[in-house]
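Common to both upcoming complexes is chain A, partnered first by chain B, then by chain C.
Coming up: the complex of A and B.
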């Protein structure tokens, strides 16, 4: 790259960075967009569970009755409260993350059986790990996110007429339309693309860039977290209770497990015997928690050493109680006296900045209007990436120079990574209904169907003519989306607003995919005729 | 393929941009965290949050700059930056 202009070198960088990482970026963005509705998909994927609204006070009473009857000796109890987006009551004992969750009917206290499923969590986990081991996946996705940043900024640099082009759309003009579509979707939501990419990196910022941590804390994350807490006002109970605190919080940066937290039970048991004391009604702590976090903003309760004098009740908020991402935060009460032992310290300015950025990415705030906004913006990001990928092949096809073999391969991968992945995502939902509910290891079978369908789409793309493969795969995705509600007709599960919402959205996406498939020409030759002028301009621009 | 072939220069540029750029960003973040006149916790958060912008800018510049030797020189700046960032640790090692 000798003596090329800035625009030329940035254009080269934009093309290759966008193409090579665009395949994986599309997968990250599509699954991330679907993960906006992860809880709703969870509910849809366990159709056996009732979703009638249950108030949390009643649920806490039911859970307490059940736990006192079944697990009076457990060192800790965890209660997942029914919430607007996750309307089932779950209980477990022992350390929260390891324990087997039992689902209860919040009114009668009966144990509910639901099919095992990967749920909408599959998309959430794929979004930041690409279904590889977590540590590797986080780095892969981080690398892709950096490529996205580079592609966005280099795209801005090569895009001289940024405002003019925003109003330019020349439909059905071959390459010009693809370029306009790519530009419009990119420029229209430029702040969103930048925000979502940068904040994605910020979630794991100390994993990706531990330099400052290494310099000032010798790489000790816990020491840093202690500083965060020491810097802010904190209600402390007694000095004796301080020891348990350092354990918490080391995972506040980890985006992995939602609503995680450590069962703090059993730490001091065995050191000295503690007297028995009856546990007051847990429902009381709902009101206390809501006084702090706001009505309907609680997600879980846990109790350590239930039935003992030193029992403690931990109240955990929903992630969406504010923009700031407060993962791992909780309010700890003495169960017997009802006094606050430990309240989450308010974040200092710098911590707040990081948490708000992470919160902007997690999109747990603002309720359903905000969720839809993120969903639609995410779809536009997907359109931008996909149109960029297609634009590369459309341009290359017209140029005599360049490797035909590589173009051929790129086109096939484009098909599998865009259309194929769409088919695979909706196939996962089909698998959820079609795999027998009582099958052992069901979740793994759902995952296998997802990857199997994706692999088949690559095979299909390799064997069929390019344009035919595009159309067929988009038609397949559209058909699966449109027919999703029929699956529910086969079964007799009760429907409710949330599950209907999932199916209506699926139908809407199916119509969109069908329209896309319909617009794709049957072959490159039947594509709209390119006027000589357009070809001339294409050489001048980009 | 001789060493002056464009493919080699591209490979070298890419390595310098990605790995050299990470090294530069790492040491620049370290130096910034050391120099910021704020509390230790705040310094870590501020410097780390900015690091992604630094890395992005470095990669873009690495492909924009004509001369590979200037690019290599920029990567070599990591050494003084590392000295600024890690001087207490280095003193400990030599003591």
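Coming up: the complex of A and C.
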């Protein structure tokens, strides 16, 4: 076999890694970018819900009144407080993640009926599972992310003049322009591409690389997490008392202490009835939580054993007061005495590192300005991937040798995975408004519309001439984006800033998609004009 | 200050990138007025770096230091991309954008 130079072999690697995984990567990046505004999309997709700002103290009072009336016997209550990005009050009973959420009007305490919807969460979940069973999806996405890293590194190696061509873009010059556009969107946003890909892998480090956990902790994840926490020695001791989480350790201890007087010391709570004790106003715990996390930084309250003497109130913070991802963190109070039973231990160095990386990926910090930076950077990533995919076909088309069949297939898949997915994403929003609100299993129908439209886009791409298919699908996406506000005119739900924001963004994206479609020529022959699309893409989909 | 810190940071980031771009031979020829002495070129690059540094400072009015750095990376990347897209179409706009940005920030500062 002929010896190949480093650049040649890297180029080969870049092409195949980029092309074969690029189709998946584009879907991951586009849905991830949309998921930056998942909560806003949630709100838009439930137009029945009011979004006027309600203060959390009032909401907690309302929720407590409702829960005391409706579920006095429940073993635990969960209250999702209204926040800036999720302005509705929700309550549930039982285990936090399982219970059926009931939405309440924070002022009157009436139960609100909202349509069932997959919401913006759909994009979020698709982003890391590709709508396959969770574990399979995480592995698939992890594999794609590794391929992305490989493509980034090999791309840097084969790029001949990174610094000289830093600001070089020559539009309307065919393949040259595509390469310029691909290079520029990759190089200028290199910190973002690297950061988002690498931190994405770090989130599930225990799934991807379980060897250390298996060897050192015998696969016991909780034991590892206990060690990873810096926390005071005392806290670690209490945590170790219960076999599981620190919370449970505290719980047993607290129960035991109270029981001592009645000769129940050392026995597990639950075997003997605990005295009743009225639950103090939950609103008080908002102030207590805010003293710890800062004003307006709470997201949820939960109460275990409400109405009993051993009731505990857990206060959960909003993500985003710092870069570190503090998912699952909480502050636990004794409901009756109001004392802090358990404060979140500070992270140790290794856990902090992992959580800061995860936080960088989740982008919950820094408020809306940061969110917009992430959103636009994410769109540029999509453009970078898409331009790479197109560059492959532009290059191949010029080559006489090589398989036409594969080129043909690649072109069709490109269309469906780039333009088709864009249509499918906005079709999901349309489905949300057009499927009857009362339909049972509505969420599933929305999902079916999404995948149905996507499948149709592949069929359409297979049947139409390549350029026509590109154009028609981008026009379809543009039209759906532009007409999205019309859907809101069909019904009489009150509008508010957040929902208007979603629609304005949709219109802006629609204009760019329309412009893109308009610039695509009717066929490859009529086309030097087609070529600068890389550039337009780069500017456009922003 | 916090209200205009975001557009101001963006303006500074763009100006910094533009000046660094001017510091490159190829783009100096493309952008600079022909009568300007070529000795100014390295000074432009230096000034650009200073402007970028200033952008971190203005970012810190909006965010904690750690977050400010994250935002700063995003801003200079996007500023670079904006410049790249403007260059082949309108050098005048590429050069005028920071002036417009500064004017906007000035008006906002007075108005707010």
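Just so we're on the same page, the second predicted complex is superposed on the first by the 486 of 542 C-alpha atoms of A that agree within 3 Å, B and C clash if a C-alpha of one lies under 4 Å from a C-alpha of the other, contacts with A are read in each partner's own complex, and residues count from 1 in each chain.
As a working rule, contacts are C-beta pairs under 8 Å (C-beta built on N, C-alpha and C of every residue); 3 or more make two chains touch, one makes a residue touch a chain.
Everything quoted here is computed from the prediction, not taken from an experiment.
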item	value
Touching partner for A:191 - first (chain B), second (chain C), both, neither	second
Partner chain in contact with A:357 - chain B first, chain C second, else both or neither	first
Contacts of A:274 with chain B and chain C, given as first, second, both or neither	neither
Contacts of A:340 with chain B and chain C, given as first, second, both or neither	neither
Touched partner set for A:377, first chain B, second chain C, both or neither	second
Partner chain(s) touched by A:365 [first = chain B, second = chain C, both, neither]	second
Partner chain(s) touched by A:112 [first = chain B, second = chain C, both, neither]	neither
Between chain B and chain C, more extensive residue contact with chain A	B
List of chain C residues in touch with chain A within their complex	6, 21, 24, 26-27, 62-64, 66-67, 70-71, 73-75, 77-78, 80-81, 83-85, 87-89
Complex interface listing, chain A residues touching chain B	1-4, 6, 9-10, 12-13, 146, 149-150, 153-154, 157, 198, 201-202, 205-206, 208-218, 224, 227-228, 231, 348-351, 353-354, 357
Residue ranges of chain A touching chain C (in the complex, touch as defined)	164, 166-171, 184-185, 188-192, 195, 322-323, 360, 365-366, 369-370, 373-374, 376-377, 380, 535, 538-539
Interfacial residue positions of chain B with respect to chain A in the complex	6, 9-10, 13, 25-27, 29-30, 32-34, 38-49, 51-53, 55-56, 59-60, 63-64, 66, 85-86, 89
